Amino acid sequence: MTMISKINFRVRYQETDRMGVVHHSVYYIWYEMGRTEWMRERGFTYERCEVEGWFLPLVESGTKYLSTATYDDLVEVETVYWPDAKGISFSFEYIVRNLSRDQKVATGFTRHVCVNREFRIDRQATQKLREIFT
Amino acid sequence: MTMISKINFRVRYQETDRMGVVHHSVYYIWYEMGRTEWMRERGFTYERCEVEGWFLPLVESGTKYLSTATYDDLVEVETVYWPDAKGISFSFEYIVRNLSRDQKVATGFTRHVCVNREFRIDRQATQKLREIFT
Amino acid sequence: MTMISKINFRVRYQETDRMGVVHHSVYYIWYEMGRTEWMRERGFTYERCEVEGWFLPLVESGTKYLSTATYDDLVEVETVYWPDAKGISFSFEYIVRNLSRDQKVATGFTRHVCVNREFRIDRQATQKLREIFT
Amino acid sequence: MTMISKINFRVRYQETDRMGVVHHSVYYIWYEMGRTEWMRERGFTYERCEVEGWFLPLVESGTKYLSTATYDDLVEVETVYWPDAKGISFSFEYIVRNLSRDQKVATGFTRHVCVNREFRIDRQATQKLREIFT
């Protein structure tokens, strides 16, 4: 079963920098939007996750920048889930496309763990989420 | 007794936008840094405020933009406290100067109330803070 | 003729702060999104404005915060144009509503002038934009 | 010869998110501050780089998150330069420490190329920068 989610939106002026293009840190914010919708489509929102007392902070992130996007460009973020083999962390991969220019802009990933309010690994919640996500 | 605090720092690249200058929303973030140091100099940090369960959300903010600043410019924020006559809110005024260009960049203000964790006005804390601030 | 434009979108996690709600500076970024769509609906995008060499920096901004919004809330920004009497500046007013909680969150405004690439007032462009906007 | 630069500063309230800690995207902004000061200490600021028409966009970035930082924590960013073997790109590595809690918070890297105003690789400028940086 494919577990892909796609969102699209326009680049905000504030997201650009003096180089004329989207600042490289912004992609990580877009990935977060991608995860939000991916989880909503799985029927278990991240909002509900936090209501349960489960938090998914990042343990790793990375991006390869392939081209650029600028103000008002229509951008698509594709989010794919990768259950990690070890069973402790969750990974998502992202492809950012500039629909206004028909170009792939970036690919990236984030790796998460599930912790409780005290930022301690919650193994039970991790197991439940893995079942919900798969 | 004057209740003025000054900080200075360099403009971050990310704070600029495609127009080549600091994005107008960033000034409000700088004001927040100004308040932080103003309170530290009063001997009662905002961090300690939140430990006490007192929060100071904004009820109003405003800025007049006079000139611009860009990446790597040395900027100064001057923060002045204004106890509101009515006794319910706190106001701060800010002057932003571009020290690299010897220009006044912006003037602004923020008005705050003191609330508890449930976002309800805390009159007792308000009174205590007014005494600490004055 | 009414010149109102409405957009809606979900609050990003990154837009919240430690107080649990949307940071007060974010509203100004949302206003910018509102203006973008208002201009698109007028048939003259801000992107095209910059292609013409016309820029619309802010000379003033302000917000009254009425309630709050948090992650994943569905938010609406209503943008209204006010041609300034003096004929030099352009003003927009904004109403931010939290559709998830059926609450008005904030009202604000921005005032702009039209400048060329050298940040000098462009009276001819100002006049043209006033005609396009009205 | 060591080519290490260190800066420190306090975490801004706006840099935190609803989880109570610094948002993961902010580290990339801090790295940029680290590079800025590293270049200043080398005697060739990035500001001057752009005046020359040389831009250093990212082609890759990554972070491992080890612990957290929150509002008002004193944070240190250590920046180290790594000239890439191939001679086309420049890499920097970063260590973020929370001085308030005596903890390593994150390690990361960014990889850059040198381009001209049209975003085309500038080999001559690349060569000059490699000499300046080493």
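The first chain written gets the first letter, and so on, giving A, B, C and D; residue counts start at 1 in each chain.
By definition in this document, a residue touches a chain if its C-beta (ideal position, glycine included) is under 8 Å from a C-beta of that chain, and two chains touch if they have at least 3 such contacts.
In this text the structure is predicted, and so the values were computed from the model without any measurement.
Ranking A-C and A-D by contacting C-beta pairs places A-D first. Think of it this way: of B-C, B-D or C-D, only one pair shares over half of the A-B contact pairs by residue number, and it is C-D. Centroid to centroid, with C-alpha atoms defining each point, chain A and chain C lie 27 Å apart. Chain C and chain D have Cα centroids separated by 32 Å. One inter-chain figure worth recording: chain A and chain D are separated by 23 Å, centre to centre, where each centre is the mean of the chain's CA atoms. The residues of chain A that reach two or more other chains are 13-14, 18, 21, 25, 29, 32, 50, 71, listed in rising order.
Chain contact summary for the complex, chain A toward chain C: residues 9-10, 12-14, 29, 32-33, 36, 45-47, 50, 71-72. Remark: chain A residues 18-19, 21, 24-26, 28-29, 32, 50, 55, 57-65, 68, 110, 119 touch chain D in the complex.
The residues of chain A lying in touch with chain B in their complex are 13-14, 16-18, 20-21, 23, 25, 70-71.
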